[in-house]
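Data block below; observations after.
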């Protein structure tokens, strides 16, 4: 296994943990940040897969905008899941 | 191969959230996780070993050493469409909260599901 | 400049981008825009129609030959359905003109126009991913319009629709991905030629993904849970667009993909089976409804079931009958939604119970509702009679008596609940004086549809002669491949 | 109960997924349109970035649709949240340090966005990314200044004019007797800023449009009263 494969393994595991975290977290604000973490990792993975265009898009849209609209929506509604 | 596993897990986790969660925002979060998974799967399908990004920025780069550009172009579109869907979904969530003062679907349901 | 199929998309898009600017000048201008667009497109369709019937028009976009660029495939089937869509779209606009009084008006017209344009795009495109884009245009416009009244139920119906719709598009996107990864192309004709490159397991998975993804749009059982809510909570003209246009596009997409890539006897059997289930369950559910628009929605699902059966039989006769039925259903269901919209408006209640006596108070609107009801049941002299007859004949020719009986059962149930509603309408009862009138534009819209229904019912030949080329185009995959990859 | 059904359903879906993808080759070269694009893009479109060439030129029709999807989302959100706007935001103004930093960052972020979409045909990035970056910059200002406002009039104009530019560029191709969205400008030398025919024009229009639309979405959501 090369160091790249190890890196990918770590990233994928982090991503799955982040996904599980955002699904089970009762505090929606943290859950939204979890999706943001997924997007960060996704963006790095896209870069490793030689897709800089997509990585840039994911960074701008997935990490920033998508999370922000989630946060705004949470602010306008309830923060905690019952 | 690892990419496939990661992507498929994301899709399944997202779908699990959509199917079982009771909180509207959680459901939307689930949808966005599914989207991420599909995008990752698509990009990894287009990957070619030891190839470079499909940009001819240096003269030394040649076409036979580049990854497949088509999935990248399609995913670019899919990401933006995913954002659009999320935005509309969140708008609806805000509307529903306005009417019911709750995000729990069990308390909202009026129409038959 | 000669009329080119790409204008079906380009002109509405241009107009949609223009509407916010027009809104700064005057609201009337905004309201007129979609009407002008659809009138022009109907005119173009009629010009183009005979040409497309002879030979499919394949229009290249951006000047790259298929499969490298996106191409639009304007064949006989697409021409038949698109001409229907533009004309029905125009009539629905006419109806909306006075019906929609709620702000934000310019947003309504923009979304309304894009809802129909998205459906046109699905019918027109010859590229798999492009179809996904148009599917999304249609869906996002549909979600927003379902919630347009901004009441409790509307928002809930829209959210439900969005949830199911997202699954639909995700599944479809996955199928595009698997197909691309094996064939390396996205053009329908090109894929159809290379379909054997996909290993059987993956092929089966793609089939399931397409059936589920597009089945949701085509309201196939058991994926149609969103439809009754969306239809009944959206404003009436939008309900008419859903039932008359959007479903047709979804069904066409599903059938086109199945016929091109997966046309095996088992799949056809499966389609017939699902069609029967859809038909019977929907008709039974419609029977139990107390709200008029929900009843119409379930009836619409049932009709789609009937069309799926006829398409599943897959003979020339049954396919043309199915197309004829789609045409009739678009007109008749729009008429029913129009009439129901004003009946609900006048009685102030969505319940069928409360329609009692309106037949005397609002004679013209009620009359149009009755015409629609009789036509959809399939009574002469209305156009619904011919298409139902053709379906039954083709089923009988295929020799399957069980299916014939099941279709008849469905039709009888349908007849019962429609007649029940009509009888309710014409039961005498004192109605409190109601000064509100149905506006002229609404009456004209209904009148136009009723006239076409009656005319086609008296002279079915005007439509029937176009059915054969349209059905042939849908059935004959080899021709599609040849034309699509010149 | 519901969870059990969901898990069962997902197990079936997952089983099929794994079965299909276990056989899917990973990291191998593939015949098909992708190869054609790699070999011919520079010659046919003059763009150095193949992804941009596909997005804007070969599959430009998709991009037109995609812009429309975003446009519809902004419109639909406006329709859904109509009548819920309040001019007063509950958001507190940020501290002086944050304010000053945002004030300094704001023009730079917008400039970066513009750079990204102007160079879309040469480097990674393009209209969508640039537009999104600009919207992020505007968001920064929203967050730190309570009274910061974008003019709705201006947003509408930018959005409409950019959309009309895209559609018009397409229609010019049709009017010249070629096809919709076909290039009608000289291709120039690859890797020059002014090259690749209509691609930069379209991507700049997309950049403005996406930026305006996303700002509109954010503005709509932020100003909704709870």
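Each chain gets a letter, A, B, C and D, in the order it is written, and its residues are counted from 1.
Operating definition for what follows: a contact is a pair of C-beta atoms (placed from the backbone, for glycine too) under 8 Å apart; a residue touches a chain by one contact, two chains touch by 3 or more.
In this text the structure is predicted, and so the values were computed from the model without any measurement.
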Pair joined by the larger number of C-beta contacts - B-C, C-D: C-D
Chain centre separation in whole Å, for subunit C relative to subunit B (CA means): 28
Centre-of-Cα separation between subunit D and subunit C, whole angstrom: 31
Intercentroid distance (Cα basis), subunit C paired with subunit A, Å: 38
Approximate Å spacing (C-alpha centroids) for the pair subunit A, subunit B: 10
Residue list for subunit A, restricted to those that touch at least two other chains: 51-54, 57, 61, 65, 69, 72-73, 76-77
Interface hub residues of subunit D, defined as touching at least two other chains: 17, 24, 30, 32-35, 37, 49, 51, 59, 62, 66, 69, 72-73, 76-77, 80, 124, 128, 217, 221, 224
Subunit B, residues touching no fewer than two other chains: 3, 16, 41, 44-48, 53-55, 66, 70, 72, 74, 76-77, 79-81, 83-85, 87-88, 90, 92-95
Pairwise chain contacts under the document criterion: A-B, A-D, B-C, B-D, C-D
Residues of subunit D defined as touching subunit B within the complex: 2-3, 6-7, 9-10, 13-14, 17-18, 21, 24, 26-30, 32-35, 37-39, 41-42, 48-51, 54-55, 59, 62-63, 66, 69-70, 72-74, 76-77, 80-81, 84, 122-124, 128, 190-191, 210, 217, 220-221, 224
Subunit B partner contacts - residues on subunit C that touch it in the complex: 129, 133, 136, 139-140, 143-144, 147, 150-153, 155-160, 162-163, 166-167, 169-170, 173-174, 176-177, 180-181, 186, 225, 229, 233
Subunit D to subunit A touching residues, read off their complex: 49, 51-52, 116, 124-126, 128-129, 132-133, 135-136, 139, 214, 217-218, 221-222, 224, 226
Complex contact set, residues of subunit A against subunit D: 51-57, 60-61, 64-65, 68-69, 72-73, 75-77
Residues on subunit B engaged by subunit A in the complex (per definition of touch): 2-3, 5-6, 9-10, 13-14, 16-17, 21-23, 25-26, 28-30, 32-33, 36, 39-40, 43-44, 46-48, 51-55, 66-67, 72, 75-76, 79-80, 83, 86-87, 90, 93-94, 97, 102-104
